[in-house]
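The two complexes that follow have chain A in common; it is paired with chain B in the first and with chain C in the second.
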Partner chain A sequence: MAAFPAQAGSALLLAALVLAACAAVLSFQAGAAGDALLARVGRRAYHAAAVAVLGSTAVLVAALLGHDFSLAYVTEHTDRALAWPLLVAALYGGQEGSLLYWTLAMSAVGAIALAAAAASGTRLAAYATGFLAAITCFFLVVLVFVASPFDILSVTPSDGLGLNPVLRDGGMLIHPPFLLAGFSSFAVPFSFALAALLAGRHDSAWIAQTRRVALLAWGLQGVGLTLGMWWAYHVLGWGGYWGWDPVENVALMPWLVTTAYLHSAQVQERRGQLRAWNLGLVILAFLLSVFGTFIVRSGILPSVHTFAVSPLGPWYFGFLGVAVVVSGALLAWRSGSLRSERPLEAAVSREGAFLAQNLLLVTLTAAILWGTVLPLVSGLFGSQLVVGPSYFERVGGPLFVLLLALLAVGPLVPWRRAGSAWRRLLRWPLGTAAATLAALLALGSRQPGALIALPLLAGGLATALLEYARGTRFARRRQGGRLQAAGRVAARNRRRYGAHLAHIGIIVAAAGIAGSHFWQQEQDVTLRPGEAATVAGYHLLYLGPEERVSGDHRNLVARLGLGGEVLEPARALYPSLGGQSLTRVAIRSNATQDLYVVLAGSEDGAASFHVFVNPMVTWIWAGAALLIVGVLLGNLGRIRPAPLRGAVPRPGLAEPARALP
Partner chain B sequence: MIRWGVLAAVLAACVGYLALTATQGSAEYYQTIPEMRAHPAAGDVRVLGLVQDDVRRSEGGLHVDFTAGAGTDSMPVEYRGAVPDIFRPGVQVVVEGRLGADGVFHARQLQAKCPSRFTAAGR
Partner chain C sequence: MTWLLATAVLLVGAPFVLWPLARHWQPQPERLPGPEDGPDRRRLELEELDLDLDAGRLSEAEAAQRRRELP
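Showing the complex of A and B:
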């Protein structure tokens, strides 16, 4: 009886594998024959596979919640003392479970995308199902034969091994699922790209299908990255949020490449250009996400994270190899017919701005990739070499500056061929940037990085606001009051104005990153009770230590007075876990800066504090939220399709910015 | 399109040059203790080791001395600064710094390897 969940879970996984394999075979056949009925059968088989994966996930979650320690996975990752949210989180906390969650996220996003794409042409939809089913098969083979979450222990223990306290945190509940879902979803646009290549559909049809799925993967990954930064900042206590560790880099790279794609896709939608490039970006994003998973699972790179070194490394490597060969072969085979209908007309045009942004993002990705794989490359020729944050800052810094400059100018440049009229608009971002520079200098800032980045960001903000103002003014010429007009314009061009809001989010977050990077202050102070110290204008009075017991740990709290408030940085000691201790950072945030106090240690009544003053960190979280809101507002629900490339805008529906010079 | 190819090539060349100089400027050897003894590097290195049982903290916890071991070899390490939470005997650490003439490794940075999994440490 105890083995029932294990058998049910394994059976469901096996069923999913068989169904996915059927879906792959049937769909490729349907695509080759152009058989709509067979394509539908293949799609149904894929949906059934997704349901089976969902079922086996439910079985595992039930086993985790029910403390079924006959399962090795449940024993290794939980114990009876854990609260239920953490029991659920253990689903993606371990190797096998996270693989199952990965497969679930991919097949769920895939099932929805395939259902939505059914109308886009039999062959395209069938091939997309085929590729996605084949990828799903790979993960199911690994789940069934190599790393099953349903392995049974020969002896059922009375309790499990528990969870590391570093990971017992709210951030840990939400950060990994988003990141894993984002990582896995890149498989869906990839399948559509390969399907378009195989079907010979290079028109915009596949772009329309792929863009929204890519946007979804990009959004999930973006939220996962932000939550990871938030968690590192609030829990780990080193005063920062990004360390250029390989694990962070491999999560960032597919996101950057997809950012590039989301922009260049518009060039194809509007102008029918950059087709091969767009396919290449979608394929690259997926390959990078598989490469990232390989890095994380194989543990071949030196990282602060200790990975579960597992037998999965070679599997991922083989899968990566197959994906590279298949997509490379398809791209080469179709390269002749992928030429653009017409070349770019002028370098100074919206298309040109998008292409320049793409080149910068891809170059940035290449530079990050080089810094990440350097230990592997150098390891082939002798001792391993590693680069630290200074490498990424020196190489990435100039590229970020160019991207920010482009963010300020690009949205103002008209499509096709820019006349000279748009240059008058440049006075707004330029003026704002100059004013910001003057203000920073007047305030006494001499930090060169900040003096470059912040004026550019202010210019970008001016550009985004200018776009709203121009749209509103144009609409008002027709009818109605200002607010009505603004609402009407925004509603009619949701994608455009959502994108501007997303740009504002990026600008706010980038300002936070620049501010906290260039203006961070830190100081170590050791105080006895009653003593005080002043750090960057904050007067801190040490009130004394206090010990509090809660559950399985003791908190050593050092109470610090700051004006009328009391800060309570602490260390939590877990005697049951080998005396492991955990920092509890005390953070006092406001709109301009965070006071961030870590209790470093205490001895003979004196306590040592590591005090950081991190300017503008809240801007990062606020900016990320704006970015997500902008993307959601711009893309939720049914969107009026963008005008077909080359089509003349109908008079009544002309977009304001296009009607202007 | 040729113009864009040229632009891409120029950008790639600039960034390639930048990446190369930045690599030369900031790359450090990542070694085990025996490797470090066999090939002493001129600059800072990063060394991976296991924290032994002799951790001594002083200055209110802002200074630690301990022995880092790897297999049969080991070296004394000295570090000033706040140590990571999970730092304690039995944990793998990466220390960044250089081996002094006194035979002690003076670490500028100390990172403890953090568990990526939800597994209990130290059992």
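Showing the complex of A and C:
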């Protein structure tokens, strides 16, 4: 009977596989026949599969919480000393469990998106269900036949092996779930894109269905990336938050491509242009997420994130190949009917700015992809070449600068074509950028990167604030009352002003990245108890070592006095895990900079410290939060605007808005 | 045992999946989401023109020209 949970979990996965396969077959049949009844049955089969996956996940979580060491997965990733939040987090701490979580997130987001799309056209909705169910089938096949989290041990041990110390952190509770959910959610817009191609629906209907779910995947991935940076900064103890590690890169690439899509989708919605491009971006984002999964799961590239080399690599490679062939064939088949409704009228236009931004983001993605796969490609032709952070910074830096320039200028350009009027608006971002440059020079900054990036960011901020000011003035002229007008204009144009807030978030985060990158100070100091050192104005007094026992590990703490405060950088030692150790960083943050102290080692009573002073790091977290708030404000609820009332005609316009039908 | 349990799960789920067949469900008329069309689209474009004019993205002459070009 001890094996019953395992059998129940396996049975639920098997049932989910059968249901997902039925959903795929019925939905493709329904799409081909235009049969709405069959499409509904197929959709229900998919929903039932999602519930079965949820049930299977619940069984595994119960086994983790109940210390059911008859399951190999529970034994390999937990022990009795682990706190319950980390027991739950062990669900995605290993290969098989994270695959199950991935499948759960994808099927849950997919089930919601399919329910919302039910009335959007029988063929489009049915084919989307079919593709999504087919993708879900692949993951369930892997879970059932290759990497089951419900494998049973022949002998049940009394305790488990425990969770990797690096994963024993609060960040473990929030970073992986968001990132994995983001990765898996890219399958949903991909399914709608393929469905649109198969159904021949190249109009904006599929954009309406996919934009929100693409936004959801993008948001989850964005939050996951930010939390990953936060986790790396607080746990890994190297003074930074982004190392251009292959696994970081493969998580960033689909996010960049979806960022491009979320902008270019507006061009299709408003102007009927970039149809093939938009489909290509959505498809590319999913292919990159599968590629990333292949990298992480196969262990073919060295990374701190990858799982041990596993038999899953060929499976993902095969799946990636099938996805490339199917999506490429559908795109080629429909290429003739994917032409734009109308040509681009002028390069200097809002759509031109979006296109330029898209090209920059895709070029940036290509550069990151090349740097990531170079060891693989070069290995095929002889010696393996590896590029470091300097490659990504050298190649990505100019592209980021151009993107920042577009962020400052793009929102000021009108749709279709720009005449002469908009150029007058440039005085605001240009003036702000010039003033920022002058201020930086006056403050003694001579770092070229900072002198380029920060003025551009200030210009972008001026543009976003200008848009708010102009929008408020516009509404006040029509409706009176400054606050009331500002609220009304923001509510009516939530998508536009949410986007501006998201831009401000990007600007604040980018300023934090630039500041911490260009102005970071670093110093190694070795102190005996009672000795002091001054680093970048911080006077640090070494008070002495201290050893503390906590659960299954010992903390070797080096106490440092800083004014009236005590900083406690430490190393945690885990004797039960083969003597593994983990850095505990001491960080003192304020709005302008972080003091970041790492205990590097201790010998003969002396302690060695790496001390970093990282300017503006808190801006990164604040900017990311603003970005998410902006996206949420801009997209929650019903977007379709209500008409303005009481419009006042403006001179020069032949027809006032109030006279419109 | 696993196969037996899986079959039981499928039997439990079957009524939910097959329910539309049993109650002779009739499909709802399709609602095709997309950009605003007709008068709505025209109204929105006019408001956008007014906003662009007010924001300084368009001159009076450019806005009037675009207004004439609207369908």
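A few remarks follow.
Everything that follows uses one rule, which is that the second predicted complex is superposed on the first by the 637 of 661 C-alpha atoms of A that agree within 3 Å, B and C clash if a C-alpha of one lies under 4 Å from a C-alpha of the other, contacts with A are read in each partner's own complex, and residues count from 1 in each chain.
The rule is short, and it goes like this: a residue touches a chain if its C-beta (ideal position, glycine included) is under 8 Å from a C-beta of that chain, and two chains touch if they have at least 3 such contacts.
For clarity, every value in this text was computed on a predicted model and none was experimentally measured.
When both complexes are overlaid on chain A, the residue A:Arg40 reaches chain C alone and has no touch with chain B.
Applying the stated contact rule after C-alpha superposition, one finds that A:Glu345 touches neither chain B nor chain C.
In the superposition on chain A, A:Glu603 contacts chain B only, with no contact to chain C.
Residue contacts after overlaying the shared chain place A:Leu385 against chain B, while chain C stays out of touching range.
By the document's definition of touching, neither partner reaches A:Glu522: not chain B, not chain C. Once the two complexes are overlaid on the shared chain, A:Glu269 sits against chain C while remaining clear of chain B.
In the superposition on chain A, A:Glu568 makes contact with neither chain B nor chain C. Per the touch definition, chain A reaches chain B in the complex via residues 76-79, 89-90, 93-95, 161-164, 166-167, 236-238, 247, 296, 302-308, 343-344, 347, 355-356, 359-360, 363, 366-367, 370-371, 374-375, 378, 383-388, 390-391, 394-395, 398-399, 524, 526, 571, 577-583, 598, 600-603, 606-608, 610.
On the chain B side of its complex with chain A, the touching residues are 1, 3-4, 7-8, 11-12, 15, 18-19, 21-23, 25-31, 35, 39, 46, 48, 57-62, 81-86, 88, 90, 92, 94, 96, 111-123.
Across the interface of their complex, chain C is touched by residues 7-8, 10-12, 14-15, 18-19, 22, 36-37, 40-41, 44-45, 47-48, 51-52, 55, 119-122, 203-205, 208-209, 269-270, 412-416, 418-422, 424-425, 467, 470-471, 473-474, 477, 640-641, 643-644, 647, 650-655, 657, 660-661 of chain A. Of all residues in chain C, those touching chain A in their complex are 1-6, 8-10, 13, 16-21, 25, 27-28, 30-36, 39, 42-44, 46-64, 66-68.
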